[in-house]
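After this come two complexes, each holding chain A, first together with chain B and then together with chain C.
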Partner chain A sequence: MPMKGRFPVRRTLQYLSQGDVVFKSSVKVMTVNYNTAGELSEGARKFVFFNVPQIQYKNPWVQIMLFRNMTPSPFLRFYLDNGEQVLVDVEDKTNKEITEHVKKILGKSKEMLEREERERKKLSHPATFGPKKYHLRECICEIEGQVPCPAFVPLPKEMRGKYKPAVKNEA
Partner chain B sequence: PGPFPGLCPGWSPRAVPARGRKTRHDPPSKSKASRVKLPPPVDPEELLVVLERYRQHRLVLSALRAEFRAEVLQQKREERLAAQGSVEEQEEHRRLMAWNDEENARQQRRREERARKEEEEQKRRKLEIAEKQARKMEAFLEEKEKEVLQLQEEAKNFITPENLEARIEECLDNPRNYNFAIDKDGRIVKRTVLS
Partner chain C sequence: MSVPRGAVHAKWIVGKVIGTKMQKTAKVRVTRLVLDPYLLKFFNKRKTYFAHDPLQQCVVGDIVLLRALPERRSKHVKHELAEIVFKVGNVIDPITGKPCAGTRFLENLSDSENLTEADTTYLSEKLQELKVCSTDK
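On to the complex of A and B.
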C-alpha cells in the first residue's frame, strides 16, 4: 500500500518544501496548545494538521510541541534564545491567517532568505569538478565543450597512447 | 601493462609483487640460513639533529594552523553576532512584538464580545423557556377549569335515585323515534312512524 494516512500529500517532499515559514535563528521552541473539539479551535487544528509538518521541515532544529485539551482556548507560544516568550492567540482564526501571522512576526523575510542563498552559492564554484558531494560534475569529460568520455565516444587515433610510439617507429 | 620493460609505465598504481617464485608459507633457502638481518645504520648525531629539526618544523606548522583556524572561527562568530544583534534588527523585533501584542489585544476584545453575546443569548433563551412554561401552565389550568364547569353543567341532568321515577315516567311518555333512511346523496329521511 503506497499511501499512508488521511492526507498522504502531507508526506510528499514537494508539499513540505512549499512551506514558506523559516524561523529566525533566535527561535528555539514552538509550543501549540489546542483543543480537539470546538468550532473556535478549528483553525488551530488545521494548522497543526497541515502546516506544522511544513514548518518542521524547513526548521529542523526548532523543537515543536503540541498540547491537546489543556486550555480552554488555543494559542501558540515561541521561546527565543534570549529567554523571551512570544504568545500568539489563535482562537477563531483560519490556519492560513495563523501562518501569515507567524511568518510576519518571527519568520525570515524574503530578502534575508535570498541573501543567505547567495552567500551559500558563493562558497562553491559551479565550474569546478570533483566528488559529487562537493561539485556538480565529477569528471572533465562531463563538461560541455570538453573532450567526451572515451567510454562512450572513442578518442581519435592521434590522441591515444598506443599510436604515438607506433607512428614514431614507422617514421 | 605487465613485466614488459618497454611498455610498462613507471607510474603504474598497481603494485608489482616482490615475492617472485615462493609463497609466504615456504621456508627460506639454505643459502640464507646464516643471513643476519640488521637495521639500517644510523648516525646518532645526525639522527639527533634531524629529529630536532623535524620537531621544530612540526611545532611551528601546527601552531600556524591553529592560529589560522582560530582566526577564521573568530571572524565567523563576529559575522554571525553582527548579523544577529544589530540595532535595526532589534528595532524590527520590538516593532513586530508590539504588533503581535496588538493582535492579541484585538483577539481578546473579539473574545469578550463573543462571550457577552453568548451570555445574552443564554439569558434570552432562558426567558423564552420560562415564558413558554408559564403559558403552558395557564392553558392547562384553563382547560381544567372548563372541564370542571362542563361537568357541573352536566350534573344538573344526572339521574339520581330521587328523580328516577320521574325520569322513567318522562321517557315512557315521550317515545323517541330513532329510525331514519338515507339515500346515496346523503340526505336523511325520517318518515317511518313509530308503532
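On to the complex of A and C.
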C-alpha cells in the first residue's frame, strides 16, 4: 500500500532529518518569494517543494513564510536578530545550488554541529540506567555482566526470597 | 545582553495586517509552519499579534515586519512595527527596485508604444464591428 501524494518520501522522518541546513541562532525569519509559473522560478519551486520541509524540521524556531506570485523575480530573504536583512536572488538556480548557498552563508558549519553534539553527549552519562527518556537502559538487568532479568532466566534457588526461610525451617 | 529585548519569545516576526480599526495599533496575522505528527506534513498555523503603529501607516493586507518591544506596551501589544515589507497594491521588487504587480513589472504601461501594426489593424476592425449603424433597420 503506497503512501499518498506526489513525492511521499518528503513526508518521512528519515528524509526530514537528512536536511543539513541548520541556521545560526541569529536567523529568526526566512521568507521565500517565488512564482508558480515560469522557467526562472523553477529552482525556487523545487526548493520549496523538497527542501523547505527539511529546513523547517531542523530549525523549528525559525518562522518560514512563503509568498507566491508577488514579484516577477524569485528571491529568499532572511531577517536576522540584529535587524540585518539578507537578500538572496534565486533566479535561474537549481534547488541544490540554493541550499548550498544558504548553508554557506547562514548555516552552522560542520565543526560547530559536531561540537554541539559532543556537548549534548557530555550531559548524559551512558553507564547510568533509568527512564528511557534520560538513559539508554531502563533496568540493571539490561546491563551486561549483571544478573539477567528473572522474567527471562529464572534466578538460582539461593537468590530467591523463599529459599532462606525454607532452609531455616528444614534445619 | 539579550535581556533588554524580550518580554516575548518572538523577537522578529513577519505577518500580514488584518485589521487597523484600533488607534495606532495594527492587528497582524503571523503564520508558522507546524509539523502534523501523523501526516508528517507542514501546515500553516496562524496566530494574531497586536503591533504598535504610531503613524497609522498600515493598511489591511500589508506584509509587515514586527520587532518585539523591550517591555509590554499594554495587555496585548508586545510588538511594534519595524518595517512594511510589501505595501498592498504597491509592491516593489527588492532585486530590481521597480514597482510590480504579480509576475509583471508596472513600469512601462503605455500601451500605444508597444502595439504593433497587426494589433492596431485588429483593434480598428473590432471597433468597426461594434459601431451601431442606425440604417440597419
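Quick notes on this one:
Just so we're on the same page, the second predicted complex is superposed on the first by the 165 of 171 C-alpha atoms of A that agree within 3 Å, B and C clash if a C-alpha of one lies under 4 Å from a C-alpha of the other, contacts with A are read in each partner's own complex, and residues count from 1 in each chain.
As a working rule, contacts are C-beta pairs under 8 Å (C-beta built on N, C-alpha and C of every residue); 3 or more make two chains touch, one makes a residue touch a chain.
The model shown is predicted, which means the values in this text are computed figures rather than measured ones.
For the composite obtained by superposing both complexes on chain A, the positions of chain B and chain C are free of clash and fit together. By the touch criterion defined above, A:I64 reaches chain C but does not reach chain B.
Touch criterion met: A:S73 reaches chain B and chain C at once. Look at A:A37: by the touch rule set out above, it reaches chain C but stays clear of chain B.
Of the two partner chains placed around the shared chain by superposition, chain B and chain C are both touched by A:D89. With both complexes placed on chain A, chain A has more residues touched by C than by the other of chain B and chain C. Once the two complexes are overlaid on the shared chain, A:I105 sits against chain B while remaining clear of chain C. When the two structures are aligned on the shared chain, A:S25 is found in touch with chain B, with no touch to chain C.
The three-chain arrangement built by superposing both structures on chain A places chain B and chain C 30° apart around the Cα centre of chain A, to the nearest 10. After superposing the two complexes on chain A, the closest approach between C-alpha atoms of chain B and chain C comes to 7 Å. Shared contact residues of chain A, touching chain B in one structure and chain C in the other: 73, 87, 89, 91. Taken together, the chain A residues at the contact with chain C in this complex read 11-13, 16, 28-29, 31, 35, 37-38, 52-53, 56-57, 60, 63-65, 67, 69-73, 75, 77, 79, 81, 83, 87, 89, 91.
Looking at the complex, you find that chain A touches chain B at residues 25-26, 73, 86-89, 91-92, 101, 104-106.
Taken together, the chain C residues at the contact with chain A in this complex read 10-14, 30-33, 35, 39-42, 63, 65, 67, 82, 85-86, 91, 93-96, 100, 102-105.
Contacts from chain B toward chain A in the complex involve residues 84, 96-97, 99-100, 103-104, 107-108, 110-111, 114.
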